[in-house]
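What follows is one structure encoded as structure tokens, with my remarks underneath.
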Amino acid sequence: MEPAPAPALDVERWFNSEPLALDDLHGRVVLIEAFQMLCPACVTHGIPQAQRVQQLYPSTEVAVVGLHTVFEHHDSMGPDALATYLSEFRVTFPVGVDRPHEDGGRIPTTMRRYDLQGTPSQILLDRAGRIRSKTFGIVDDLALGTRIGRLLAEPPP
Amino acid sequence: MEPAPAPALDVERWFNSEPLALDDLHGRVVLIEAFQMLCPACVTHGIPQAQRVQQLYPSTEVAVVGLHTVFEHHDSMGPDALATYLSEFRVTFPVGVDRPHEDGGRIPTTMRRYDLQGTPSQILLDRAGRIRSKTFGIVDDLALGTRIGRLLAEPPP
Amino acid sequence: MEPAPAPALDVERWFNSEPLALDDLHGRVVLIEAFQMLCPACVTHGIPQAQRVQQLYPSTEVAVVGLHTVFEHHDSMGPDALATYLSEFRVTFPVGVDRPHEDGGRIPTTMRRYDLQGTPSQILLDRAGRIRSKTFGIVDDLALGTRIGRLLAEPPP
Amino acid sequence: MEPAPAPALDVERWFNSEPLALDDLHGRVVLIEAFQMLCPACVTHGIPQAQRVQQLYPSTEVAVVGLHTVFEHHDSMGPDALATYLSEFRVTFPVGVDRPHEDGGRIPTTMRRYDLQGTPSQILLDRAGRIRSKTFGIVDDLALGTRIGRLLAEPPP
């Protein structure tokens, strides 16, 4: 079975980047780190890990994209608060704010499209923009590195 | 020279507690942990350390009090956002929101009274309610434990 | 340029295994962890990391082999002391004792063959038994995982 | 009940110090760290913690003494191997080798006198040379610091 192409990101505002589409990242391995700025495992594990990924690999090989998928406590985690968080925690990779669902449900659009269970979640895309793994919670560096290494070994599309 | 009695806390709202005065804690050693909910060293070090202090000592011997001294990014760290933070990070000791200064300056009232340099700061009061140490930044557990141990060894007033 | 085939291990005694040759591991990715039982970076970092590698991957995919390359303090790190170390630190992967060089030099035979700079060193072999990376010192899990992932992605020989 | 005076150390060889008696340390708080050089919790926790204690306090206030209480694998942990360990792990506080029991039992003399359960063990003496606490296993820094702080607060004898 072929891996699925990744759904488009539906983002209402970007930080640290011009508006970004996954197509712009074609040819690179992509780590999408879905998080909430007041989720403890995101703050202490997911985001620092994504920062390590950003530092380890050349940006031409691996792109790191944050996705702020707020599904609880929306009032405390709006875009302005997120701007403060990103600045204080020195997050410099592109971060998109997942668009609230138009029916008013608490789970935002992109989070639904990717069928994420919660935060932090890690989605890895191959160089052809297809979803190759999706994990929820805390993943150790050895396991994440292995997944990224496997995808880096594949030839560009 | 005698240690100074601790200035009163000027708090506009309490979490995890009825309104609290330092006099209520007379007879106990008190750790006041001044923090901001989006300050990285507070989130990764200061607050977890205050939680360890809370867990290690009987509450009749050592009282832990958080003080939310917001002096920057005020819009992102209001009381409602703080409520989310405390809930998500399972902070169960009393936390007071430092009162904004009435002249509109960015440093809140209690933070001025205690002449704090920034966050996280740790203030230790002896059983008689006097300031015995005030530190700024990251303090290791061995050093903090020593200071608390010294104060615990003093007879009740 | 083709990667070099790994030199044979010259081992005078094996722990946790029958005598082992690299050919026996053909088809698997191999991590050779060169260490000394009284080298601090080996004890606190290299060996625990090799244990994590052993736990993460199926043994049919990745083989972990320890190589005790004693080049200093030989009297304190003989095979009997090593047996104690392996037992106490619960090292269960195969460990070979590098053979002392016959001219009496302090650097043992396999360590010379692999031209290692010191301990800990990490040598990665691909499924065809060829050296694909050789690192000295502390390597973080993300980087090591990436290298292993790249090799796992290659087809069996 | 008065705390007991600490039994004398029965040491067959000292490292990093001239022969040392507890009386020489009178007036200081003393941490005796009992360890074995191939005991994992000693190597990864007990000894580094004792090194932190040594660094934190002035040596005129707190004395740190290691006691090598070998009760298993004696052949792998003789004095020469210990010398290598102390040098490699940069242990610079005085370390005494507990004297083997003359009846040939596996538990050495001082370890018996202090009735220690195993390694690592931490024994704290007050400024008057009396045992004030004895713990076995892993003790966190906050708890150890508290105990030391309490003893430091007591007046010299």
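Just so it is clear, A, B, C and D label the chains in written order, and each chain counts residues from 1 on its own.
Note that in this section a contact is a pair of C-beta atoms (placed from the backbone, for glycine too) under 8 Å apart; a residue touches a chain by one contact, two chains touch by 3 or more.
Bear in mind the structure is a predicted one, so any value in this text is a computation, not a measurement.
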### Task
State the smallest step count from chain B to chain C, taking one step as a move to a touching chain.
2
### Summary
Comparing B-D with C-D, the busier interface by C-beta pairs is B-D
### Query
Among the chains, which is located farthest from chain A on the basis of C-alpha centroids?
D
### Message
Could you work out how far the Cα centre of chain A sits from that of chain D, in whole Å?
### Response
50
### Task
Starting from the mean Cα coordinates of chain B and chain D, work out the distance between those two points in Å.
36
## Note on the structure
Residue ranges of chain D touching at least 2 other chains are none
### Query
Draw the chains as dots and join the ones that touch; what shape do you get: line, ring, star, complete or other?
ring
### Task
Throw together a list of every chain pair that touches.
A-B, A-C, B-D, C-D
### Task
Give every residue of chain A touching chain C within the complex, in rising order.
52-53, 56-57, 140-154
### Query
Inside the complex, what are the residues of chain A that reach chain B?
38-40, 43-44, 73, 75-77, 80-81, 83-85, 88-90
